[in-house]
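Presented sequentially are two complexes of chain A, the first with chain B as partner and the second with chain C.
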Partner chain A sequence: MSAAEPSLKQPTSLWRRRYERKGMLYVLPALVLFAVMVAYPIVRSFYLSFFDYSILEPDAARFVGADNYLKLLTSPQNHRPFWNTLYFAAIFTPPYVLLGLGIALLLNRVRRGSVALRTMIFTPVVVSLAVSAVMWTLFYNGSFGMAHKMLEGACHFLNFLPAYALTCLPPYLVIAALLLFSLTLLGFTFFDKAPLRITVPVSCLLALGVCVNLGTFWLHESFGLLAAFLATLIPKAFVSLELVAAPAEGVLGNPRWAMPAIAAMCLWNGVGINVILYLVGLQRISPELYEAAEVDGAGRWQRFLHVTLPQLGPTTYLVVLLSMIGAFKVFGQPFIMTGGGPQDSTLTFVMRLYNLAFRYGKFQLGYASALAYALAVFIFVMSLFVRRLNRPTE
Partner chain B sequence: MTTARRQGDGRKRRAGLAAFLVMSLGAAVMVYPYAYMVGASLKTRREFAADRHSLVPPRFQIDQRLKHARGEPSALDWPGADWPVLKNYTDAIVYGQVDVFLFNSLLYAVVITAVQLAINTLAAYAFARMSFRGRGVLFSLLLATMMLPPAVLLVPQFLVVSGLGLVDSFMGVVLPGFAGAFGVFLLRQFFLNIPRSLEEAGRLDGCSSLGVLWHIVLPLSRPVLVTLGLFTFMGAWNSFVWPLVVLSDQAYYPLTVGLSLFREESGADWPRIFAGAVMGSMPLILLFLLAQRYLVRGISLSGLKGQ
Partner chain C sequence: MAVERKSVSFTFWLILLAIALLSVLPFLWIILGSLKPHLEIQRGQLWPWQSYTAQKPAGPGQPPREVSQHVTADNYRRIFQKLSGLPTYYFNTFYLSAAGTFLALFVGTLAAYGFAQFKFAGSRLLFMLLLLTIMIPGEVTLIGRYELMFQLRLYDKIVGLLISYVAGSLLLVIFIMRNVFASISQDITDAAMLDGASSWKIFWEVMVPMGGNGLAACGILTFLNIWNEFLFALTFTSMDKVRTLPVGIFMLKGQFGLFNSGVLFATVLLSFLPIVLVFILLQKYFVRGLSMGALKG
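Up next is the complex of A and B:
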């Protein structure tokens, strides 16, 4: 920092003093606002967290020491929101980061039209949460929602999975083969020998054909002979996903699936940010590194493992940190879509804080402040943890 | 040699094409909900009840038009088919006050963005180029607060705002939005990368420091200013919790809060809700389309990255 301004050290003291005062002047507006709206509230919040304070009777505030913190740890009403938030972070963060990376990698390869695609992928980030949440509530609607219909289809497929597994090539093998096939199309070379390069895709296609045939004809629900036979062996509704149990409310009305549904919506809503961050990271990798790796005889996969991933280290750190913090303070989506229900299954930590402070009619601001600080400490600890994980890659 | 290169080139092109196809599918998934929303907002209630999944309202579908022309019963005979195309939109304005919410949101977002850009530019320039007492300490303090989750600030900010007597007022909504450490950080990183010689040349030509900032630094910083402006505007437009806490008078509601209210009031009148939602999201989409070409450049030039 100090090396950047040798020229400022040179002028006469009068000039420098004027300049100094001006510097302060420039910073002043930001600083005043910052002091009033950020610094003071932080201190005030910490102070309040040791009081039993309600805005309805500010004079009746009394010092209770660490009672709020004890209450917050021991009260079973806080445990559910805490675990809910942790659950949300666990199912949301990994796909959020990986999807961002995957899309950015693919977008980086696209030669024409990448700007248009990037724009389209970023659009959900731009559109306000209130709009997206309302829209997804409709999609999840149990009687006609589109996402609900697709989920039903998935359930149906899962129900038939054991049937596939018993009769033909396990479908997940086929899916893996398909993935390999598309990767070879993308130019990854797993198979450097010419015959393999032809036989693998062809066998993939053949396997797909066999599967489709079995699936549509032999395993058909109503006339498939094999299916009729298997139906006697396999208990029905092997995977029911409990969707049928609450047809009117759909997944959002189902305590077990409401949170994953909200996570899926958040994934769609925010993945554009990670894509942009990763794109910037990818553009920063110098092409010489790839050329050097190529000279050393590294294949596509090796170049990805030994050049791209390590070079993306700092970006990944940033992305993981931002995603995690975002996950821990999730509030708006569940608030609009479910309001914390059904049976408190989507009640997050920040929502509990909000309820305590502004909703339950008691305005327990002291207690809510303690909750806020607990969250801050938790996020801080988690970010230390992420930083520690990040260290060996650097 | 040449054939090998051509082969490699061909493979690269094929890879690019495959990536394009996969990504187009992904992009379609991302954008489909909006296309659906726009389509649904043009349907009448009857149409929405009969046909929930089509993107085009039945009365505009070609086969329905043909049926109608042949004199067969079609969607054009359904009640409401002769309504104005934008009936749901006018309804959303008349019954849901969506225009008021829209105006409020626009006002909040524009004011917050303008003030933040002005204040943060000054502060960031001072942090990047001027030396004054306590500069390092102040800057690290600023950075440290970026790590705090906003939930910590919710309660005490409310106390400050209510202490100032600003609950349920325009200023009460905007004031916390003015303070942003991220903007100072982003701009400072960018300013540090501008060659110092340019500014010294301006100073030799007799510019004041404000003049240097205005005539030399700012024109060079357009990508980062647009990026920061876009992010600030987005944040202000999408803010939900704070307005919810500080406002109780519906006349001040921004769109985010207003729309959830409108939704509760409208029951299952989805086309009308969607019309409100379309109106609420269009300004931001337009702004983003205008600003997006600066986005990647703005982030990448300012050196925003982890540690």
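Up next is the complex of A and C:
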């Protein structure tokens, strides 16, 4: 601080004090705005939370003490939103953080095209929450949505995977191996020219593609010879296990699928932020640490475990904190995509607050204020908890 | 990194490519859908290779005839004719974001300068108070501010939203810019002071130019926050002419979702296209600004 500088302070003390006082002028506009639009509403909400107050009849306000808070804890109508919000946080936060870390680690390794890849992964972040919610409502649509089609495909694949594996993979793998072997005997070389790290994934992908295609052919319901043969021997359940099925009404219309679907959309929308944060964190790690670890004989995995992860501790703390706070405050996405339904399965805490204050037509601002404060306390406690978890790694 | 191998790992690259393609797939799908009539969307025929699956009976008793798909600009035409308030929403959102960012930067930077450079009575206490409120989620201010909007006759006015957004973005600007200003060497300001520069001159001609990076970061963060804001805009407005894009598109979803999904596709496309284009052009600054802001905030 400038006042601590003795050289300037002592000779012109009076002038200095007058100078320092000018600071108030600079702070004043922000302070007025802050007092009116932030501090006053915070205090007012706290005050209102002890009243049975509706904006329709301001004069009928009644002091009820802590009744609003008691009602908030005991009313069964608040339990569902509370658990829904926790459920959302539980299924959203871990993949959000881990995916961010994983993509950042990969991006940090890749040289060619890393800017283009980063831009593509980051693009959803700049799309507003409401726009992406509407976008994904279309994307999830049960009759034409592409995500729905992809989910159906994935379910189909999962259901048939054991059947494919049991019946199709072994013969084709044997055939492929024989083919390769005989061609090698004839003098062809396959794995010499290209490095293994290219040929192995490519050939695995090719083999998988061939097997899946041929498997579909042999197991096709109407003309698959193997399916017809199997159907005579074993119950049909063996061919399609029916482990999972995409809901016909679309994921957003199904109480079990709706919340994970919303979480997936949020993941798409927000993971770029975490990628960027982790990339910054990775670039801050000094290369000397890696060199020292290598001198000590640490392998790749050990270097990751003992250098990269501890050094990313502060970033992880920030990312976990931000994503958890965001998850507890989730409102717009479920509000736009499902409106809280089906069967209240996506009704979140903030949506309950909004409904109480503005939607049910009663404008119960007192009760809603109590809910807002409960949320604030909950978030505060959670952030203390996260901070405590973080301490050992720092 | 010195220790990392220089060679590009092909497998990593493939995984990243798959993730990147998944990230842009919804955009692509929306672009395709916005060029289709409602019926073809409902049948799920959006991709070019599905063009011959559309079947149309040629007449009674005759076999169905294959028809190729249509590509139309009707959806866009409808938006611009009269059906939707999209242009209004656009204007409102852009106005709010631009003016809000400017005001928040100006007022916030002034305050940051005041806190960083001066030590007046109560300055530390005030700053601690500000620091405390950053822990309080914005939802807490919602109800008090809603009431205030009525009392100040700002409900359903753009100005009301503007003031609300500026006040909401102020804290972040103050914190980031205070750190930036505090990191500027004291010698520079002392030298300027000895030359007889007024505090305003120091602020405007020394501090602001030197904090350019921080300002850009704050600007981008604030702009994006206001551009995306949903809850307050939903609560403080009820008329169509003051709606912002996020609230507007929520309303349009209800309006077009069932009977005219093509228009909804086009609306979504027009809503994300400009900001995505701006992002791609300025992506270096975006990324830098966001990372800087998030690390300081």
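Keep this in mind: the second predicted complex is superposed on the first by the 293 of 394 C-alpha atoms of A that agree within 3 Å, B and C clash if a C-alpha of one lies under 4 Å from a C-alpha of the other, contacts with A are read in each partner's own complex, and residues count from 1 in each chain.
Keep this in mind: a residue touches a chain if its C-beta (ideal position, glycine included) is under 8 Å from a C-beta of that chain, and two chains touch if they have at least 3 such contacts.
Being a predicted model, the structure only gives us computed values, none of them experimental.
The superposition on chain A brings chain B into a clash with chain C.
In the superposed model, A:122 makes contact with both chain B and chain C. Contact with both chain B and chain C is seen for A:41 once the two complexes are overlaid on the shared chain.
Applying the stated contact rule after C-alpha superposition, one finds that A:146 touches each of chain B and chain C.
By the document's definition of touching, of the two partners only chain B reaches A:321; chain C does not.
Of the two partner chains, neither chain B nor chain C is touched by A:86.
By the touch criterion defined above, A:267 lies against neither chain B nor chain C after alignment on the C-alpha atoms of chain A. When the two complexes are overlaid on their common chain A, residue A:368 makes contact with chain B and with chain C alike.
Residue contacts after overlaying the shared chain place A:291 against chain C, while chain B stays out of touching range. Of the residues of chain A, those at positions 1, 5, 8, 19-24, 26-27, 29-31, 33-34, 36-42, 44-45, 48, 55, 103, 106-107, 109-113, 115-132, 134-136, 138-139, 144, 146, 268, 272, 276-277, 279-280, 318, 325, 329, 331-332, 335-336, 350, 353-354, 357-358, 365, 368-369, 372-373, 375-376, 379-380, 383 touch chain B in one of the two structures and chain C in the other. The touching residues of chain A, when paired with chain C in their complex, are 1-3, 5, 8, 19-27, 29-31, 33-34, 36-45, 48, 55, 103, 106-113, 115-139, 141, 143-144, 146-147, 149, 197-198, 201, 268, 272-273, 276-277, 279-280, 287, 290-291, 294, 303, 318, 322, 325, 329, 331-332, 335-336, 350, 353-354, 357-358, 365, 368-369, 372-373, 375-376, 379-380, 383.
Here chain C touches chain A in the complex through residues 1-4, 6, 8-17, 19-27, 29-30, 33, 41-44, 46, 107-108, 110-111, 113-115, 117-121, 123, 126, 129-130, 133, 135-137, 139-148, 150, 163-164, 166-168, 170-171, 174, 186, 189-190, 193, 199, 203, 224, 227-228, 230-231, 235, 245-247, 249-250, 252-253, 257, 261, 264-265, 267-268, 271-272, 275-276, 278-280, 283, 286-287, 290-291, 294-295, going by the rule given at the top. Those residues of chain A that touch chain B in the shared complex are 1, 4-5, 7-8, 19-24, 26-27, 29-31, 33-34, 36-42, 44-45, 48, 55, 103, 106-107, 109-113, 115-132, 134-136, 138-139, 144, 146, 182, 185-187, 268, 272, 276-277, 279-281, 283-284, 314-318, 321, 325, 328-329, 331-332, 335-336, 350, 353-354, 357-358, 365, 368-369, 372-373, 375-376, 379-380, 383, 387, 390.
Against chain A, the residues of chain B that register as touching in their complex are 11-16, 18-20, 22-24, 26-31, 33-34, 36-37, 52-53, 119-120, 122-123, 125-127, 129-133, 135-136, 138, 141-142, 145, 147-160, 162, 175-176, 178-179, 181, 184, 192, 196, 200, 209, 234, 237-238, 240-241, 245, 255-257, 259-260, 263, 270, 273-274, 277, 280-281, 284-285, 287-289, 292-293, 295-296, 299-300, 304-307.
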